[in-house]
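Shared chain: chain A. Partners: chain B in the first complex, chain C in the second.
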Partner chain A sequence: MAITSFGFLLMVCAGGALYYILPKSWQWAELLVLSLVFYCLSAEPYTFIYILISTAAAYICTCYADSRRAETDRGRKVAVGLGAGAVLLNVLLWFVLKGAGLWMPLFPKMASMPFVAALGMGYYTLQMISYILDCYWKSIRPQKNPLKLLLFACFFPQMITGPISRYSQLGSLYERHVFSYENLTFGAQRILWGFLKKLVLAERVGILVDAVWSLQAQEPVFLWIAFLLYPIQMYSDFSGCMDIVIGTAEVFGVRLPENFNNPFFSRTIQEFWQRWHITLGTWAKDYVLYPLLKSRGMVRLGNRARKKLGKRYGKFAATSLGMLVLWMVLGIWHGGVNHIVGVSLWYWALLMLGELCAPGLKKLTAFLRVNEDSFSWHLFQSARTYLIYAVGIVFFRADSVGRGMAFLKDLIVGTFTGNLHLEKLFDRSLLQLGLGAADWGILLICVLLLVLAAVLRERDGYARRWVAKQILPFRWFVWLGILLAVVIWGKYGDEYNAVHFIYQIF
Partner chain B sequence: MTREEVYERLTGVFRDVFDDDSIEISDETTADDIEDWDSFEHINLVVAVEDEFSFKIPMGKVVTMKNVGEMVDIILDLGR
Partner chain C sequence: MSKRQFLSGVTFLLLAAAVLWGCSEIAFRNLRVYGGHEGFYDCAPGTVDVVFIGGSMSYAAFSPVELYEKHGISSYNLGTSNQSMLAGYIWALEAGEYHDYKAVVVEALAVSMSHGEIASDIRSLYSMGINHNYLKLAGVYKRNFYKVLFPIFVLHDGWEINEITFKQRVNEDSRYLRGYIPIASEAGEKYRVPLVQGDKSATAYLKFPYLDRLREYCDENGIQLILVKTLMASNEVNYWDDGLHNRLQEYADEYGIPFLDFNTAEYMEAAGLDIATDVAEDLRHMNVSGAGKVTDYMGKYLLQMDNLQIRQFENPQIGSDVIEGYHRIIDEVSSR
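On to the complex of A and B.
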């Protein structure tokens, strides 16, 4: 069941109505039932067994570690063994079923075997690992009701593309909720905004980007269009999905963590990764980078590097190594060799270069008397960050590293050999890329709306809170306008099935 | 170890990690108050604190501590 389908909306409406009618102590149980129904309608039902295994492993080890049996020396060792086993089991299940792209080329005969991963496996696996580690690090108390823990693993809105929630963030999942008009309206508005991003904008940009990528010989100016618009497709697709997910949870009174915070306003690539896919980034930082840099081996290595390279470069060497491991883990999670080589190494190198050059650049901007608070400087920095991001995700879009390199080569060579032909932007050539003139207009309007919402969010927090402060006719104009835009301009329905989200594959 | 003693040693650690001899810290000091205190430097700071006080800060505390005051509480707790 796609979360952009009518069936999903019907399920949310019916489920939401029942949720506030039922006794409040039953609400979490209803969410679990809804999650099971959603799972059976969206994936092979038998694959739910993987979620059950993952939950059972987490439940057993964390409850043991919290019991009196774990207070003795032997008990502590058993608890650590059980915890490590549960984490390894989660990783192994994910690697075999979801990371098949990494090992399958080594065992081509196994390609015919029916490996079917569970829905949302990349997301719930990370959630369960964080739950186990948080319990062992005593940041949280283990959940003693296995069904409530199962709900944490399979809460239906986040089964498609996350967010990767922490157990400590989802306390509202088990709370008793009274009906709230604000939750309902804000949730519905957020879902609607997500529909606009996904069905109206992302799908249109997708047609354009696909058209450019599918042609062999290509005009450099078209390559630039695909290159510059793909980040917008990624953002509107993924963050649009997040809006639907977070809005749906909000209808049920559950607050999910945010995954995006105006990433294209970032001044540096480091800041960008703090604003893009936030829950994955913080997960990798807390459960990969920090434990690694804090480990005895890395501390020893860092001390040795400091002695040989001096304080600054020694520290830089240790951090770089830690960041390399983190980016490799992110590459593996995205499941492809081209992602590891193209995307991960690119961003890691740029991040480290930025870190290395930061003091020099600071001196340079001071020498040139650049006003770092000025709008134009911020705009320049954001544009630079956007371009760095756009280069990396060429390899996300390409099916191989070679294809990604060829795309970038054609783009650069075409530009600097005088073949750019900018006149093609104005002589109706753009209409060859699958979108008519009206579609181009709609695309432009949506991008402007996105920018406006982003500015409002940067200034006032949520844009919808700004809308909520306006007079009634204006509010109706905004939300009815968006609803009509989705209904009239959205790409949906039975004949149109290309509504899978890019990040759904993880 | 008294709170004052912890503060004296901790100030030295902060000044060394952030290469800034003018840093003064208090219970309310957070990452927002020190320019270079980002996620990289946070873990470097934790490792330097562990080195200075010769004990390991549990991972759960590393990611949840919100200000210097909490860091001092953890140090006093572990040093007991």
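On to the complex of A and C.
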């Protein structure tokens, strides 16, 4: 069941109505039933067993660690062993089923074997690992009800593309909720906004990008279009999905963590990763980077580096090694060699370079008397960050590192050998890329709307809160307009192949 | 939730429904596919004796004005592009509420498509308005019932509000054509291979659920059901063949339904049809000449059926002005 389908909306409406009619102590149980129904309608039902295994492992080890038996020396060792085993089991299950792209090339004979991963495996695996570690670090108390823990693993809105929630963030999952008009309307509005991003904008841009990538002889000007628009497709697809997911949870009174915070307004690539896929970034920091940097080996290494390279560069060396591991983990999680080599190394190198050059650049801007608070400087920095990000995700889009390199080579060589042919932007050549003139207009309007919403968010928090402050006819005009735009211009329904979200594959 | 919030929410939902319905009306009233249903509702009740249903092969082959002019039979062609048997059946029910018609002629290609895509079924039926017959679609497309209620949801199948959709405008001359749409081009010599070769062993494993329903409806109301396959030319995509012919013949024999397949030598000769001159360039539809011959044959066929009580030359709506308008349009189309 696609979360952009009418069936999903119907399920949310019926489930939502029942949710507030049922006794409040049953609400979490209804969410669990809805999650199971959603799972069975969206994936191979038998693959749910992997979620059950992960949950059972997490439940057993955390409950043991919290019990009196774990208070003895032997008990502590058993608890640590059980915890490590549970984490390893989760990682192993993920690696065999979801990370098959990493090891399958080494065992080509196994390519024909039907490895079917569970829905949302990349996301719930990280959630369960964080749950186990948080319990061991005593940040949270273990959940004593296994069914409630199962709900944490398979809460239906986040099974498609996350966000990767922490147990401590999902307290509202088990709370007793009274019906709130604000939750309902804000949730519905956010779902609608997500539909607009995904069905109207992302799908349209997707047609363009796919058309350019599938062309044999590529015009440099078309390559530029695909290069510059692919980040917009990624953003509107992923964040559109997040809007639907978070809006759906909001209807049930559950607050999910935000995954995006206007990433294209970022001044640096460091800031970008604090605003893009936030839950994955913070997860990787909290459960990979910081434990690694605090580990005995890394502390020793850092000390040696400080002695040899001095305080600043010694610290930098240790951090950059930790960051390299972090980016490798992220690359592995994304499951492809091209992602590890092309995307992870690129961003890691850029981040480290930024870190290294930051003091020098600061001095330079001061010397040039650049007003760092000016709009134009912010715009320049955001554009630079956008381009850096765009280069990296070329490898995300490409089937292989070679294809990604070839794309960038064609782009650069075509531009600097006088073959750019900018006149193709105006002689209707663009209409060869699968979109008509009207579609280009719709695309432009949607991008402007996206920018407007982002500006309102920077200024007032959520854009919908700004809309909520306006007079009623204006509010209704906005939401009815978006509804109509989705219905008329959206790409959905039986006549098309099921529309998947880009991040759904993880 | 306060009373005010409840009222506000309900009002917004009603407004949204009204907007979606309004958009459906605007879009579908103006962008409807080929077919001349508007004129059907202008016919005085009880004045149509024969209705034709089916896809584009139907509206290109049966000319009600020709049928009236030559044989005095009042008829209406309710064919629409890609009309499935489901849509045809619903049109037959709708027609039965306005006219005590005596015979329904089904273009047989629609029979092989029990129901089509929801978009084409909605397009085929929307001009009847959202009435109890139209809503039968919601019973069939249960998961997509909202599309039946608000057809604007299927318009996105051409998010696509494009040139082609606009070109498929309802025919403004439906008053004169009564659902018939003339095509002028010719197939030419090279496609002169009959589709039905007489291979008795070929068969198609098809069931006809909506033809069954139509047959039952006709039995209950004393209506003569007639199956007709219009002439087509052989090309790389053969829509009709011995298998389909044999299967339908088997069905027709089982229930005693007349089945006239103009792709067989017997009916082709009887109607005087020639693929080269009577089939359109697209090799699927009858052209003006072919439609004239098929309609003429159908007129004779209907009049020689003893059980049909057809009222010849009694329909006041097909007056000389309609016939004059009809010939003007045919002349215009033929001269293109």
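Note that in this section the second predicted complex is superposed on the first by the 505 of 506 C-alpha atoms of A that agree within 3 Å, B and C clash if a C-alpha of one lies under 4 Å from a C-alpha of the other, contacts with A are read in each partner's own complex, and residues count from 1 in each chain.
Throughout what follows, contacts are C-beta pairs under 8 Å (C-beta built on N, C-alpha and C of every residue); 3 or more make two chains touch, one makes a residue touch a chain.
Just so it is clear, the structure is predicted and the values come from calculations on it, not from any experiment.
Considered on the superposed chain A, chain B and chain C are sterically compatible, since they fit side by side. In the superposition on chain A, A:L92 makes contact with neither chain B nor chain C. With both structures placed on the common chain, the touch criterion links A:L480 to chain C but leaves chain B unconnected.
By the touch criterion defined above, A:V413 lies against neither chain B nor chain C after alignment on the C-alpha atoms of chain A.
When both complexes are overlaid on chain A, the residue A:E355 reaches chain B alone and has no touch with chain C. With both structures placed on the common chain, the touch criterion links A:I49 to neither chain B nor chain C. When the two complexes are overlaid on their common chain A, residue A:K294 makes contact with chain B while staying clear of chain C.
Judged by the touch definition given at the top, the superposed model places A:A17 against neither chain B nor chain C. Contacts of A:A111 after superposition on the shared chain: neither chain B nor chain C is touched. Overlay on chain A (Cα): least separation between chain B and chain C is 37 Å. On chain A, the patch touched by chain B and the patch touched by chain C do not overlap at any residue. Within the complex formed with chain A, the chain B residues making contact are 19, 38-40, 43-44, 46-47, 50-51, 56, 58-60, 62-64. Touching chain A in their complex are the following residues of chain C: 1-2, 5, 8-9, 12, 15-16, 19-20, 23, 117-119, 143-144, 146-147, 152-157, 159, 161-162.
Within the complex formed with chain C, the chain A residues making contact are 6-7, 179-181, 184-185, 436, 438-439, 472, 476, 479-480, 483-484, 487-495. Interface residues of chain A, counted against chain B in their complex, comprise 133-134, 137-139, 270, 274, 285-286, 289-291, 293-294, 299, 302, 311-312, 315, 319, 322, 355.
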